[in-house]
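Quick heads-up: structures coming right below.
Next come two complexes, and both contain subunit A; in the first it sits with subunit B, in the second with subunit C.
Right, the complex of A and B next:
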């Protein structure tokens, strides 16, 4: 088939699949397409040569730039994960991940959206620090989401006055809740500070000598609950109590307020006498930070509908 | 159990009212942001620098380069050497006078 007989959509699809094809170990374009056809023929179908470059060479430039761009973008969003697994391993991890989850959006912001689930299912790419790397991936992705997820109008006093046990609320989309296995929040933040320091000291940062994973103190496994969120265009993180996290998750899952409070204290060790005070403090802080909003107009108060 | 649930609900609602009132009062004072930030937890230092993520989904990066969706991904990569920077027709970059 030649360019003349290909429709625009066909050309775009052929171009996209060629450009998104992983590079060789030497960062060249592969000689053969996944269907076995020679890439010299594939390229010639929709790219003309010029006096300096063959169709293959012209297509190879786009193929390389796609990979350099997406690999750079992913490394930029997950600097702590990269430091913990090591630069070389992180690149191999990124290539394998992006081959399965190529860019599907106009913005590279969404590139790492499936990385947590993917890394959980592919422990071989993270090595012996797999569980920690998954926690850190979760945190770094949460920072991306907390930075630019939407923010809705928080609950007003008038709306609060209509609430009862059957009311369903919502959590702001920029509030990202995480259940972790390590104190990965501290490690991530200290690696981010280190990264920032190095970048400002070096001016232009070089990757030489960064292949090895960063040295870390021994970390003990322990359950930890964290929220990443946004205040006045800055990203913050807060540690949460287990029950606080479970209550927020239940609200986010759409449970009525009364049921969400019950779910929050399931198997809790907090004595019954101490619970109302805790709940009042949590809801006070959430309201102050504007975390609670309505799911959608009309579904706020069930008892008013029925 | 029913009493405890009622107590928890009352506590939740009183907390919501208290927090919303504080937020509303803070918003009318100049130190509102500081008060809110004090409850927010630890600030993520990576956000101090506006450079790399500032353009995501926004228009303010237009014409400033450096945006992830911009096409300057070949900076500093060897593959462009001798091929005229990022030009895909193999032509040379125009020289500055």
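Right, the complex of A and C next:
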């Protein structure tokens, strides 16, 4: 294509494609584009040189800046995952993830929104700690969501007392429910504390000399259910019983309360006689934490009227 | 200069609101003319950032500055972005709003960088249309900021300042004149930065940015992690001479020192502003670009 024929759209597509192309191991721009063309040629099609820099070198500045920015953002959102898989491996993982899932949002806040699913499907990027890394990714992404997801008006104890089996409820968007394979909540919190100690006034410092994964005590695989949620602007983690987790998931999926409780106690070892007490205790806690709200403003009224 | 692009505000000298300074601000309540916030940090639904912003709004004037509107991108802006931005505008009552004269997204994929535009007539037209549309939607004055750049395009048909002037004229918007960005781009593209400052329509300058940068062997990078250097102060002095007292903001985004150090650096601008007070600006004398 000749230089003169490149319009604004073509220039932007060509530049975006070059800028988002992964760097070499030495953090240089690659010599060839994915279609095999020499990048010196690609750059010269739309970038002008100056007396010190070739078109390739000028484009390379933006290529590096892009990767430094997005890799830094992911490292900031997933410090515990980074510590557990090791800094180098985390960077390789991030590059592969971002190549498949570049940012589709105006805000970097959403950059890691697909990392859990991606990492589950790509175990080779996390090595022998894959299952733990997936759990920790779940926890750290839940933190991002619990931190600033919306909060609706919660149901009061009086409103909760009016609920029946047909009531449809909603869980606060900031409550993030997780089913884990390890006590990854404890590991994550302990690594976050370590990060905080290393933090400078200007933000989180990553010691890039520490490429190796962090040492961990031997962890036993066991099913665990955790909710990340926000109270007074801070994010907390709360462990749940399996039945409580399943009930909350069912409520969130839109089941009426009776069906949600049935789903929660399916295959449960809790005897039938003990279940009403459990449900009562859950609702007490949920009311205290403001976890339960209505799916839409009119629904509770309908439920109360019904 | 107080003008319709900054809602005739005489804001003085502000600094960027940054997390490492929150504790100092809330505990000491320092006297600061105004804070500039990065809009995207607060375009969220709930949580601590908005609660913090509300506390700041109780005591300080706030002006919004965006980093991802990408006026020059060929693909249409995300309606969700615009909606959230307008919600924030209503929350802050920002008298004007700024974002960059650049592009950064294609087909909904974001680079999160402020990429330079080719200075072509096609880019002038598309960018001005976008600025006008955003300004109409937000219902407040919009100022576009000149960016630092490291690459120039073979397709360019005019200088950067000619491009800026064409866009703001057609969009009928304001300018956030970043004199550090002018210096950085001038060094990277080998032009005279003072020629740029002298060519800007002074009556459209709503706000001025000052900042530090990092010098590398073959280029300068706009890093906002150093004090302002003397040649940039000289550009600032000339800008103030031309525009009159204009809301000024120091950007410091990396290796952020103490609040007092950042504020002291920003307040150096006051000596130029004081000097210009009482003296008619070039723009006021002629009512037109100099």
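The working rule: the second predicted complex is superposed on the first by the 275 of 306 C-alpha atoms of A that agree within 3 Å, B and C clash if a C-alpha of one lies under 4 Å from a C-alpha of the other, contacts with A are read in each partner's own complex, and residues count from 1 in each chain.
FYI, a contact is a pair of C-beta atoms (placed from the backbone, for glycine too) under 8 Å apart; a residue touches a chain by one contact, two chains touch by 3 or more.
Bear in mind that the values here come from a model prediction, so they are computed numbers and not experimental data.
**Q** Which partner does A:286 contact after superposing on A: first (subunit B), second (subunit C), both, neither?
**A** Only subunit B; A:286 stays clear of subunit C.
**Q** Could you look at A:53 and tell me whether it touches subunit B, subunit C, both or neither (first, second, both, neither)?
**A** Both: A:53 reaches subunit B and subunit C.
**Q** Considering only touches as defined above, state whether A:130 meets subunit B (first), subunit C (second), both or neither.
**A** Neither subunit B nor subunit C is touched by A:130.
**Q** With both complexes superposed on chain A, which partner does A:242 reach: first (subunit B), second (subunit C), both or neither?
**A** neither
**Q** A:104 in the overlay: touching subunit B, subunit C, both, or neither? Say first, second, both or neither.
**A** After superposition on chain A, A:104 lies in contact with subunit C alone.
**Q** Which partner chains sit in contact with A:9 here, subunit B, subunit C, both or neither? Use first/second/both/neither.
**A** A:9 sits against subunit C, while subunit B stays out of touch.
**Q** On subunit A, which partner's contacts cover more residues, subunit B's or subunit C's?
**A** B
**Q** Would you check which partner chain A:61 touches, where first means subunit B only, second means subunit C only, and both and neither mean what they say?
**A** The answer is both, since A:61 touches subunit B and subunit C.
**Q** So in the superposed three-chain picture, is A:114 touching just subunit B, just subunit C, both, or none of them (first/second/both/neither)?
**A** So A:114 meets neither subunit B nor subunit C here.
**Q** Name the contact category of A:174: first (subunit B only), second (subunit C only), both, or neither.
**A** In the superposition, A:174 touches subunit C alone.
**Q** Identify the overlap between the subunit B-contacting and the subunit C-contacting residues of subunit A.
**A** 50-53, 57-58, 61-62, 65-66, 69, 73, 106-109, 147-148, 234
**Q** Which residues, counting only subunit A, touch subunit C once they are in their complex?
**A** 3-4, 6-9, 11-13, 15-16, 19-20, 44-48, 50-53, 55, 57-59, 61-62, 65-66, 69-70, 73, 102-109, 147-151, 173-174, 201-203, 230, 233-234
**Q** Enumerate the contact residues on subunit A facing subunit B in the complex.
**A** So the residues of subunit A in touch with subunit B come to 27, 50-53, 57-58, 61-62, 64-66, 68-69, 72-73, 76, 79, 106-109, 143-144, 147-148, 154-157, 160, 163-165, 189, 192-193, 195-196, 227-229, 231-232, 234-239, 257-258, 261-262, 265, 272, 275-277, 279-290, 292.
**Q** Quick one: which bits of subunit C touch subunit A in the complex? Just the residue numbers, please.
**A** It is residues 19-20, 40, 43-51, 68, 72-74, 78, 81, 103, 105-106, 108-113, 115, 117-118, 120, 122-123, 126, 150-156, 188-190, 218-219, 221, 254-256, 258 of subunit C that touch subunit A.
**Q** Can you name the residues of subunit B that touch subunit A in the complex?
**A** The contact residues of subunit B facing subunit A are 4-5, 7-24, 26, 33, 36-37, 39-49, 52-53, 56-57, 68-69, 71, 73-74, 77, 79-80, 83, 86, 88-91.
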